[in-house]
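Consider the two complexes below, in which chain A is the common component and chain B and chain C are the respective partners.
Showing the complex of A and B:
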């Protein structure tokens, strides 16, 4: 495997308006690296959805971005409540987001489906009461 | 093909922040649900919405739209406009309803 560039972020769980800062930073870094704009858009959207999920459901978490010659891997790890029914959570429109989040225009049950749609591979490792790790690959 | 600059020159909306004005506008996109806009807003589109909060700007930046048009008299908080300046996102305001605002952009394309 070729050498990876790694970026790491901590996502704060208490400030919904700051969600997106990590994704925005990655977007700018990839732009400077000359990555294709379509790929950047997919990475940015997939990562932002994951960031929002962490803020809404898991009181924050950490994100690792690994950039190699042919792939960008996003690893989003939290120690939140876990997902009891992954299949259900993957259904478009299924949401457990609180009302305050919905009033801001989010929480429509599109997050995980969007993450799957914009990545080439997505894996969810989750355990109720322990946390969730979502790994996404976007090929270059 | 139109650009953000063309839209500014048409003067049909109030320009609140001039970001990257040389960007193309290829489509008009209307949606207030950020969850849907995130996945569906085409890159290089003019996004018409009434949802004026910080997350609107985050979605605009990450989904890579050309500009945001807040319709129906909706507005951002001053600190959010500062964020638009920082992120170089072009923002317009209009009292027009969403459909009419979108038509005004569409007429340019």
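Showing the complex of A and C:
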């Protein structure tokens, strides 16, 4: 089975009320497809973290979810500020989130580390001033 | 026992085929076809939302008749704590309990008393299993049912303790058998319930093999009978109540959690709010919680569809009633030994899965996506499904057809009329009608008639 199903979402920036809508929709679709619930859990957590990152740092972006018979690929692309030091950003607890976001309980510096933890493979393509694309694979 | 038995039913005569209910059902379990609503049993979780929203009162909650009392030699009433909140100016729970005896029950056992035992049990269970927290309350059967079909990863978080009404039924039966010497089958245990979900529970409980509840009466049926038996002369009352604030407080949202004496809890009520909390719990968005109390009805059990009083007024009344009561009045060591824990784990029922395996579901999901894209996206409900996407799913499942969509149907009529017009123009131009032309005409008219018949026009 080489074909693949694609679900696409737009994430709007600075709108916390809508953050999580996309991951919730994907979760329902994967359940309807009978995907293993452990896999669904990982997809949902990784995607939600990415969604929140786009809301906080990049004024939104787009998410593509590609489902094939052995893999779920999440591609989160934004045209935000980019990540100057990826290695530092990957450290647990490191955060550049502004104070008002932290006061909402976000920006604990666990976003990217959690995305890595819950995916089998993660790649970050980023350029300062141009944007960031995070690609995550979760194997079925 | 049927796994998907449910107690919310349709009164076909009252149903006008309007589409209010399909829009309110949180699990998209209702369809309107052929002018009547129908409930998909495997999707329904007995939340009772359709009962509240149907303007024609065509959704009804099944419960047992009061006449059932005559079918047992000895009967015990188990009043839900929400029953107490139905009366104005009630100062003493014993007024209600004595009235239950006066209306014909041989004995009473308060569910609120059993609730205090469950609270006690829950405190020690959570203490012993802190590393597995947060636990989700399993007292509301609708919550257990929705987790069973929609949130498989949360099944292990369900508190494996029987609900208060079950503990009450077990104790009441034991006490009645000891007192009367009658066999179990002669004793009728009657729960007076705020909701149809408990009716389902009594017939097909989850977590245990068989419930000890024999019959479930609706608060709204018992209420008017009870009123005439209530005496406010407190000197004439037999002291029967043993529950304190914790037990009686269980009828309000947050009441069960209050019995755990911890601040690390979350309490949500109303099925739509509950669904959001469950989805967030699934994504592990909360940390450090010990307990999650969820009630399908607004305000908790006082908001049940079988109650009489407005849930928020009932909540205020509960507060007034239990203000001067001791914190807890019922304790395990003073009650007969019964089983508190579940006997069996709840199993995931993937009722929303499209196909029988991943490959099939994958292909069907692709078809659902394509179809959803092609449908008008108005979610008007005229097809009888709550959303265009739900119609697409029904079509892919083979339970509906594209022409159920009124806009698709109009497009179909337009294309058919185009075909007919083309055919007749051709015939006119050639000046003759051959047997083939006639056949084509008949074919088109036949298609139209078939679709109109299917639509019941």
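As a working rule, the second predicted complex is superposed on the first by the 139 of 140 C-alpha atoms of A that agree within 3 Å, B and C clash if a C-alpha of one lies under 4 Å from a C-alpha of the other, contacts with A are read in each partner's own complex, and residues count from 1 in each chain.
As a working rule, a residue touches a chain if its C-beta (ideal position, glycine included) is under 8 Å from a C-beta of that chain, and two chains touch if they have at least 3 such contacts.
Here the structure is a predicted model, which is why all the values come from computation and not from measurement.
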Partners on chain A (chain B, chain C) - clash or fit: clash
First, second, both or neither for A:128, with chain B first and chain C second: neither
Which of chain B and chain C A:86 touches, first, second, both or neither: neither
Touched partner set for A:67, first chain B, second chain C, both or neither: second
Contacts of A:107 with chain B and chain C, given as first, second, both or neither: first
Which of chain B and chain C A:27 touches, first, second, both or neither: both
Partner chain in contact with A:45 - chain B first, chain C second, else both or neither: both
Partner chain(s) touched by A:19 [first = chain B, second = chain C, both, neither]: first
Contacts of A:37 with chain B and chain C, given as first, second, both or neither: both
Superposition clash, chain C against chain B - the stretch among 25-33, 61-69, 241-249 or 259-267 that is involved: 259-267
Shared contact residues on chain A - chain B and chain C: 20, 23-24, 27, 37-38, 40-41, 44-45, 48
Interface residues, chain C side, partner chain A - complex: 150, 152-153, 279-280, 282-285, 348, 350, 352-355, 357-359, 361-362, 365-366, 369, 393
Interface residues, chain A side, partner chain C - complex: 1, 3, 5, 7, 20, 23-24, 27-29, 31-35, 37-38, 40-41, 44-45, 48, 67, 69, 140
Touch list for chain A against partner chain B, complex: 16-17, 19-20, 23-24, 27, 37-38, 40-41, 44-45, 48-49, 104-111, 113-114, 117-118
Chain B residues touching chain A - in the complex, by the definition given at the top: 32-39, 43, 51, 53-56, 58-59, 61-64, 87
